Amino acid sequence: MEYIQISIDGILYGSSYSLIALGFSLVFGVMRRINLAYGSSLLLGVAIALWVENELNISIIFFIPIVLFFCSMSNLYVERFCFAPHNTKAGVVVSMISSFAIWMQLDEISSQLLPDRTHSFPSLQISTFEVGGLFFRGDQILNIFIAFFISAILFLAVYKTKYGIVLRAVANSADTAKLMGCNTKLVNSLTFILAGVLGGIAAFLVLSTESQVTPLFGFWCTVKGLVAMMIGGLGSLTGAFWGGLLLGLLEAHFSYHFGPVFREITTFSILLIVLIIRPGGLMGVNIYKDLKSRDERI
Amino acid sequence: MSLYFVTILTNMTLISFIAISAYLILIVGEVSFGQQAFFGIGAYITATLTTLLGLDIVIALFFSFMVSASFALVLSVLTIRLSGFYFAVASLSFAELFRLSLYKIEYTVETNSGTVGPNGPEGFQNIRWIFENNVSPDNFLVIAVSSLLALIILLIFMENSKLFKNARLVGKDQIVAQSIGIRPFFYRVGFITLAGGVAGFGGGLFALFNTYIEPSMFGIMLGVHGLAYSIIGGLGYPLGPLIGVFIDIGLLESVRFLSEYRMILFGGLVAAILIIFPEGIISPRLISRIKRKLVKKTNA
Amino acid sequence: MLELKGLKKLFKGISVLNGVDISIQQGTKIGLSGGNGTGKSTLLNIATGFLTPEEGAIILNGDNITHFEAWKFARLGVKRTFQKVRFNEALILKEQLHTSDAIIKRNLDMLKDAGLIDYLYAFPNEVPLPILRKVEVIRALLERPRYLFLDEPSAGMAATDLHDFGEFLKEHLDADISLVVVEHRLELMKKIDANIIELRDGKLDNGNIIA
Amino acid sequence: MAGEKILEVEGLETSYDMIKALKGVSISALSGKLTCILGPNGAGKSTLLFTLAGILNSDQGKVIFAGEDITNQKTSDLVEKGLALVPENRLIFPHLTVKENLLAGAYARLAKEREKVEQDISAMYARFPVLKERSSQLGGTMSGGEQQMLAVARALMSKPKLLLMDEPSVGLAPMIVDEIFSIIKQLNAEGISIVLVEQNASKALEIGDYFYLLDQGKQIFGGSREAILKENIIKKAYLGESAG
């Protein structure tokens, strides 16, 4: 029974990882680039939204769109500043480093906006309920439904709609898509905005279950999203969803048996082991089939 | 010199070791987000050896170098198939794993100068080497600066060696490197190991200077800074990383009205510099141009 | 002797090489021709260790070196040039020879003939392509290889440049070096008196010639 | 319409990969005709097409398409104006299905004319039955010849006035090449203007109306089939005996 309860808690908690991983996966899938400042731009979006809320004293109904708006705007800022200028092949690593550097800027702005180390965050006030001796947190149940719902919508949008085709065409080969007359720069910016909206939803749901926000939230988002995505397979939307749940499950068990520090230790151990053994992710492709010619056509 | 000034200079010197270790890895074409771990390993080793075993600083720093280098060696061999983003994230997770394990390492001993030894989240306190040996801040600065100078001079001399040229070729174009018989594995592993050692050495000095260390000091932000310094400095010359250190700590931190916004300014500055100089300020091309000018002058 | 035996290679499920056999004797000159996409470059990449064949073996003087890495091929004397010249745009050409001043002095004649002397301190983007092609050959020749593979040296070269290039090869290639030119223009191969083998649909045309 | 100049290029110069690949090329293409650009590897043929399609920017010269100066315009604008490129090596989207590849080809009008696009896809299926059979298969799993047909169909989806084709015969077996060329000929017979870049001169001679010969980034010949056959110039250019 105890074992089942931990598993339930872990999976429910993992749904927030899934949501963040979806945003990561979207950007990686389309641009083949990693935005290390993703978590920090979500934190910044939240921090600005909280500041606006403080100043204007608005209700939670309006607060949600404000969070989404500022999350997508800060994500767009990262795209314009760190990714758009480095659109060559050599720019892949440069843009990653650039986003790594902008990480500290965004985190610092956020902590200036949230002067106390922790800041309360509006909670959805959903109560916990019990089914057959097992406890379910209502807000976490909501999370997992929304995570599932969003990944389903995203999946349908990317695989079944005409706009999704454009997105995948750019992901498949940006150069060829350009030949088809596709404005790849616009697609990239829109992808970042969409990832910002997704991340905004994730951030709102996660923070409302915690009912507080700390400056560490940015780092937390980046790491958990990254790990969940890499477990599931880089750029795979379904992989990101399941990766998040799996990560939550594993963390819950390890931290229960070995203590809270092991929640984080588990995260990084899994990441390192996956990278060493199967860099393409558990559900992704094996990227190094031909070791000799791994990097390019000669 | 005022104590404030000495402290800033010492900090600049110590963080230069991380910057240079990031630089060494960049030479072989990889990006490490985890050099702070080797700095931390070095710090804990020196702290342990000088306090618990009472060893000499030279031996302690030597072990800091060796142990960090060994960890780096293991990491580089394990991640031999990874490059680019994958290596960067692997180094990051290694570093975080190290930092988190520090919270679990507890081995303390009571001495007449207080509790010493790694003590989980409390950190490692009472590293009293500089007090016991009556090393003034000025003298410590001399020690730190001369170690750094020795390292940089060594690197400058090595710059023209076949070893470094081959390593740079491996970093730039593994295909050409292989086509003329250079084994990328050797240079990659070698330089990542060396970089680990250099960071560890700096970490050792840091532990002595700070007199106490704790896990949170070796977080990701330390790595971001070290990497950012060497990236904006450029890969052309070993002095490059120092430019980054100077801009950040020398200018932003020590100018009072800027220091409050230092992280905001510096993060933006790095991104902006990367747009203008994607290869850093002292880029390899710049160095080649200068060399060419010099050759033409001597010929003329 | 470098023997390629029954080489097969697939790319994304499509067969590029479909059983190729060639034996390259010491000192022979071979021209490997064939249209675009017939697998010439793939064959060269396999023969110099940059790709692994799905089937078949590469035997150098009786030793199976199929699964060696490319750098080991180079050390064993199997060297190559590239279809798209590969230089570091941030280094002057002298540094890109990756050799010592002493060796440069010893090979001064070759450098002069290549027209490289005037460009030793130039960046690759300041140097005409025909000279860069020769620099790639020099880079491979300085260590005295036994087998040299040239990948489409005619790409981007005018007829006169190709003529020069052929002269340069004739002049500076030692008699004991085996040369394999992968190329679809025949003029260079004729110039250096190479035996021409044609690759078609992943196989050697008119049976598998032993040159 | 037929007989008018749909494309006119004057003194075009383009650098590519640190090399000046086009050194003043002037060609024109007539509406409804098949214009072939021949020349050895590295002569600048593909660079010319890339410049026309807006992928590379020219240093000098002018490109006039259907009476409008389109020099150095963006690819996306050119596609909307009716210029479509069938790239060398096909470059289909391997992870998209055949149908999605076709939809991607209609990118510019995907939002506006959904139904029309569906009709056009049916028309493409009628023209290339093999694409209909494989409509839900991933592009990357098809054979070279089928991919080439897909690439042509994809380009046609943008309803081009002028079709630019870059080396459609590359890497295909001779039998498939024949099939592709008969498709090209048929498209041309239906009134689509085509500029074809080809290395395989003998195949091009079978179907082309006008010919240009490039060598070392310069155009060394331009004229009808009779003229080019008479001059025996192709052989010279390819073997480099007196060209240049």
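A, B, C and D are the chain letters, set down in written order, and residue numbers restart from 1 in every chain.
The working rule: a residue touches a chain if its C-beta (ideal position, glycine included) is under 8 Å from a C-beta of that chain, and two chains touch if they have at least 3 such contacts.
For clarity, every value in this text was computed on a predicted model and none was experimentally measured.
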| item | value |
| --- | --- |
| Chain whose Cα centroid lies nearest the overall Cα centroid | A |
| Farthest chain (mean CA position) relative to chain B | D |
| Of B-C and A-B, whichever chain pair has more C-beta contact pairs | A-B |
| Centre-of-Cα separation between chain C and chain A, whole angstrom | 48 |
| Rounded Å distance between chain B and chain C, as computed from the means of their C-alpha atoms | 42 |
| Between chain A and chain B, centroid-to-centroid distance (C-alpha), Å | 30 |
| Length of the line joining the C-alpha centres of chain A and chain D, rounded to whole Å | 42 |
| Touching two or more other chains - residue numbers and ranges from chain D | 94 |
| Multi-chain contact residues (two or more partners), chain A | 291, 298 |
| Residues of chain B engaged with two or more neighbouring chains | 175 |
| List of chain A residues in touch with chain B within their complex | 34, 81-82, 85-86, 90-94, 96-98, 100-109, 112, 219, 223, 226, 230, 261, 264-265, 268-269, 271-272, 275-276, 279, 288, 291, 294-296, 298 |
| Complex contact set, residues of chain B against chain A | 31, 33, 78-79, 81-86, 88-90, 93-94, 96-97, 100-101, 103-104, 174-175, 220-221, 224-225, 227-228, 231, 261, 263-268, 270-271, 274-275, 278 |
| Complex interface listing, chain D residues touching chain C | 17-19, 21, 40-42, 89, 94, 140-141, 143-144, 167, 170-173, 199-200, 215-216, 238-241, 243-244 |
| Complex contact set, residues of chain D against chain A | 53, 55, 75-80, 85, 87, 91-96, 100, 103-105, 107-108, 110-111, 114, 154, 158 |
| Contact set on chain C toward chain D in their complex | 12-14, 35-38, 84, 124-125, 129, 152, 154-160, 162-163, 184-187, 201 |
